[in-house]
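Got some structures for you, see below.
What follows is a pair of complexes built around subunit A, which joins subunit B in one and subunit C in the other.
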Partner chain A sequence: MDRLVLEVLAVGAKEGLKLSFCVFLMLSYLEQSGRQHLRGPLFAGLIAVFLASFGVMTLPVSPEVRDSIVRLIGYVFGLFFLFSIGALFHATGTDLLGPLARTAQAHIVLIPATTLLVILYFAPDMAGSSLFISDVSVMAGTGRPLFLAAAAGFGGAIALVYGVSRRYRPDLSAMIDLPQVLIVLALVKLVAGGVQGFAELSLIPSVKAGLMKFVHDVVHQVFVMLLVPDHPILAMTTWNFIGVLFGESAGMWLSLILLALPLLLFMRKHFSAPITVPADRQTSARKRIWIKAVRDLRFQRSLPVLVFFVFILGLWFQQKGESLNPLYIPSARQVVAEDGVVAIPLQSPLDDLRDGMMHKFAVAVEEKNIRILILKKPDGTLGVCLDACEICAPDGYGQTKEHVVCLYCKTPIPLASVGSPGGCNPIPLEPLITDKEVRITLEDIRKKSLLIQSKQVGEGQR
Partner chain B sequence: MSFIELRGIAKEYETTRALSGVDCSIENGEWVSIMGPSGSGKSTLLNILGGLDRPTAGTVSINDADINALSEDGLARFRRETIGFVFQQSHLIPYLDATENVMLAQYFHSIPERTEAQEALRRVGLGHRLHHRPSQLSGGEQQRVCIARALINDPALLLADEPTGNLDRTNTKNILELLRDLHGQKRFTVVVVTHDPFVSPWGQRVISMEDGRIVADGPARS
Partner chain C sequence: MSRILGKVSAFLRSSTLTVWLLGLFVLYYLTMAVWMGEAFSRYVDHLSSNMFFRAFFLLFLANVVLRISESVRKMRGRWLLLSLRLPLLIGLILTLAAFFLSLNFRQHQWTQPLGEGDPIELPWEGELFRIVKVQPAMSKRALRSDEAKIFDYEPGITIVGRDGMQHEIGAFPPRRVGRSYLHVLTFGLGPGIELQKNGEVLWRGYTALRLVPFGTADTFSIPGQPYKFYLSVVPTGIMKKGRETARTYDLERPRYLVEIAQGDRVLAREETESGLSFDGDMMISFFSPSDWVIVEAVRDPFLPWFSIGLMIVAVGVVLYPFSFLLRLGLRDRGRSR
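Presenting the complex of A and B:
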């Protein structure tokens, strides 16, 4: 119980620190930029966030909503990251808004946008932490001390930040402008988003997975459009290197480029922009003072970006090897055909084919070892296929929660598609499934194995 | 209001009174020599004028700024942007060459600018000594580097404490002629502390001090 109290106290304190620091930053920016009229919408957003948090603590929340809350934290980070990059480049003179710039400054846009962004920024974290506290209190069987501890942590942290800011009154005027505020908010989301902070966000694996899917989909669609898979020569040469393009390392390096390159480009533009000295600064000493002041300001304004860059690099090194959906790749168990038929029991001490996991078997056909995969699909039926498709080198498939994934080209295929013919699907077999076993004829396996692109069937066995 | 206004300046070091009730005004662009025997308070007065020391009592106003009211940071900024110093000792960094010594003053002021530093050295007649280290320069040349260093940031006020104290008569004359030329071009205010009767007449006005007080103040007589 004491450990739980401390845990929710820490979660409450973290949320309080995060909220008060970000609100302090936002208020400082609004004051400095002469936009005090947006304080009302900001606080309106905060009230909505508190109400939402209270709502998820007291009302039943479905698992789907829980998943959405966690995903939303990542999306909000992405959104603020994109906003900050856009604002950074806008500040260096790249006009990204064009004719929309004036509209974006209008009160009718700024007021609801402020409220909306505040809700979007704070609601997922506050709701996530509220759910966590609510779950912990259910587990502990008594809610009151835990809620009180969370409230104490939350209130104490806010009081602390308020007290420190009143006492020391830090002057952030040189450092903060809109891009800096946005990038600090993105950084806070990255460091302290969710109940457990950045460890929970899995930024690099998420970005890597998204990029791999994007590259895969685009390249695949283009190749299919160009009929590359059906071309006798192109298909072979292209598919010899496509595994590299679709692989984890490509995703890893692309994720670094996507997250770090815009920051480096901004730095280059920010520091290389020419400095115009006002005409009234006539002596060289006064000109030098001006240039120094501009350089100092540029450095100060680039500090949040530098910190963000260093953090992204650190996170990349820490998480680059991780995968968002680790693959389950079973080894193939050798089976023997009798009377031209391979019979695999549905349940044996070694396998339960209906456990939802992928099972692989290897069978010798005309001196080649051919792999078979069997998998229970979401509709309850068994998919029985060769562990290869018609397009890629026959490296076979692995399994994630919702897909089977080609080990060569990393194409994710929905579990429901297993057993359907064509494209990237594993080549389906025509088994006889009884209430005791799966029976596949050697002739069926031999015939379907002719569809496999490479003649080195079985060499990629895992 | 004059460029420099000193009102009721007093300075005490524990039991010693270095200055008592000094009142003085110096106009913008004026060259003033402060004369007096050793211990008369002239260097103390110069240090107070330069913001290197604070008076025990009285006010110091330079270019409309009450420098006593400035914070340490504000005073440091005021010093580097408004005042140039030349001392009896050159205080040049021995492992930097002449150009780099001048650039060091630029660095503490704002940003170093090599071309400008070399141009300043050429103006003081050291175009052929740009890359010489202090140990490779004569006393007079070292003092010329000091003048270039003091004037590189375009100060409104140049304070010189016995600038020719270590030089022979010929070099003293050369340095003073150089200062007079530069003063003629830029019209900055010059306050030179000296005990040398040869130096004081080079200015327009001589203030004489004894026992921490001004005992005479009048035009220089050549």
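Presenting the complex of A and C:
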């Protein structure tokens, strides 16, 4: 089967599974909590999500909107994780609503809140995956089979979940309350929130990177407060001692603690809360039965949290020792042209183009943002290219230790080949490299960028 | 009145307030990190300039202090448990309070690149110091392989005040001089340069440039002259042994790659240790370079408290988990009775 068809089939199936599983979970919760009246708002939210997905496939979508959709997915994971932690603490005796508790239960609040939360949860993933599918179909030049494959995957997954739920009728009522529903939703988002096809199935790398950035920033701030200078001038022994906190291992462990600590605190509170036996349970046997029932319920209610915790722990251990993100993909820094020339300093407070890492820049050419990549090659010279090749979708490149890798087709290209034309190599530019800066004419960028666009419009690339 | 005060006090020491404040911080951080970038540095900036953020932090600090004091009260009499838990709790309060006070009351100054003989003036100190010696971070005959570190030693300076007292200042930890803390933030080379026209000296002096790590190019101009000079340090020799390559640099008499431009026109480009002629009758020559440092100075009465707080937290992080073992042991003993 064609790789593209397989990929969109998998993307469709993933979205279908996510949607049907989460909706099944929500409906089960509404049923067991006696809130069936919220089914309508839930389905209204789903209709809005489908309309939004259809909209992004049929209407022109600006790069800013695309970027916002991708960011929104990570943001929504964070929000649901935060909501679930709040709900967990609320459920274990920390009254977070106080006098607002009654208002929060009112129909006028719950109905719009349900619809909004459903849209917030599903819309970014569905819209992001729809955009991915429509991009792939534009690139392939033959849209219909791909759309059909995606629809088949989506519909098949929904039918599967529906069939399983009808056949086995799993009773989740003992396990789920609102906090558990929220934490499972957050977990689903974390595991399957990626919208870049096979290249990015989950949100885990970006969540991990975000947490490690927080740890790094806190450590950096502490160093600034303590007047620690740039580490190259510190005596080795001093840096060996305090530099540990700046290392990747410390970042990994501390970020794991940040993510897991609220869950552990909840578990502790949940299991150590005193059990109050009702006064009508007179005999000790009946008291024991009551206590046993409460303990069982607590165990069942803690299962989703436990699953989340074990999952996170497993991921952290699995990736411990590996590099955080084996594929280094820097974000593009916007630069502007002056007198038809883009001048990028070799060294600035933001970048050192000769540090061996890939650097990306974006420049506006005829109202389009074109990305440029620059990196030092093994022979010491700089490779200056467009962040796109002539044969793939212009997803750009990432960097590993010895290669640049096309983000679309995953072809590894030796660093020495950067700057050579042809194949899946990034399209080379003709810069003037002085001792201070890299100078590229806008005309050169414009001319070379036509190579990408002309291929995108018509010719089959693969 | 006392009922209202009681309610306010109960609210301030409630776990509800802790969860809300932490939740709001996470929400702020998440929103900034996803949509704006650099969330933590923004937060720190706000903490030292925005009343709303200050009030928020102080409310959190009050909540932490009250909750900790309450839990300490509950542990009264159980001295072993208290001694295992108290360091972390006290350390947290001290660190958070000192962090906030430091951010809001710290006076801070970075100097220009300074060499021997240059003055350091600290406005809040009312004192003038002079650098009498710079201890370089590199040996005069430097050897660098691909994996080598950038500097050989931790640099330092010796300064002297009006009272004639000498102070040795290193990179870390900072040294207390009067009411200020000083340390060397970074170090560099200042090539000695002489510019001549027809043999007449137009300018002579040192220029602080960023030439380290070697190979880094920096630029300078000489006042009143239309030229731009690009300079980088190149090796005086290359040694190969097996697959290893090392480069030697003579920092008493460095070899420079010099490029001289006037507008878009390159007038000269040459590797030299002594100097070169350009543009007809012009000549640039080099003499032994000087070392320069940038010194960071702060006046911060809360810096020691912040450092002490961090140390206590570090001790507390080690001790605190033992308190769980102790409680488990006590519980088991209670059950066996």
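Convention: the second predicted complex is superposed on the first by the 253 of 462 C-alpha atoms of A that agree within 3 Å, B and C clash if a C-alpha of one lies under 4 Å from a C-alpha of the other, contacts with A are read in each partner's own complex, and residues count from 1 in each chain.
Please note the rule applied: contacts are C-beta pairs under 8 Å (C-beta built on N, C-alpha and C of every residue); 3 or more make two chains touch, one makes a residue touch a chain.
Note that the structure is predicted; figures quoted are calculated from it, not measured.
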| item | value |
| --- | --- |
| First (subunit B), second (subunit C), both or neither touched by A:Gln347 | second |
| Contacts of A:Gly86 with subunit B and subunit C, given as first, second, both or neither | second |
| Contacts of A:Leu226 with subunit B and subunit C, given as first, second, both or neither | second |
| A:Pro145 touches, of subunit B and subunit C: first, second, both or neither? | neither |
| Which superposed partner A:Pro330 touches (first subunit B, second subunit C, both, neither) | neither |
| Superposed model, subunit A: greater residue contact from subunit B or subunit C | C |
| Partner chain(s) touched by A:Gly156 [first = subunit B, second = subunit C, both, neither] | neither |
| First, second, both or neither for A:Ile289, with subunit B first and subunit C second | first |
| Doubly contacted residues of subunit A, that is, touched by subunit B and again by subunit C | none |
| Parts of subunit B lying in touch with subunit A, wherever the complex brings them together | 81, 106, 109-111, 113, 116, 152-154 |
| Residue ranges of subunit C in contact with subunit A within the complex | 15-16, 19-20, 23, 26-27, 29-31, 33-35, 39-41, 44, 99, 102-103, 137, 149-151, 153-155, 171-174, 181, 183-187, 215-217, 219, 230, 232, 259, 296, 298, 303, 306-307, 310 |
| Subunit C-touching residues of subunit A, taken from the complex the two chains share | 71, 74-75, 78-79, 82, 85-86, 89, 94-96, 98, 210, 213-214, 217-218, 221-222, 225-230, 232-236, 238, 346-347, 354, 435-436 |
| Contacting residues of subunit A [partner subunit B, same complex] | 283-286, 288-289, 291-292, 295 |
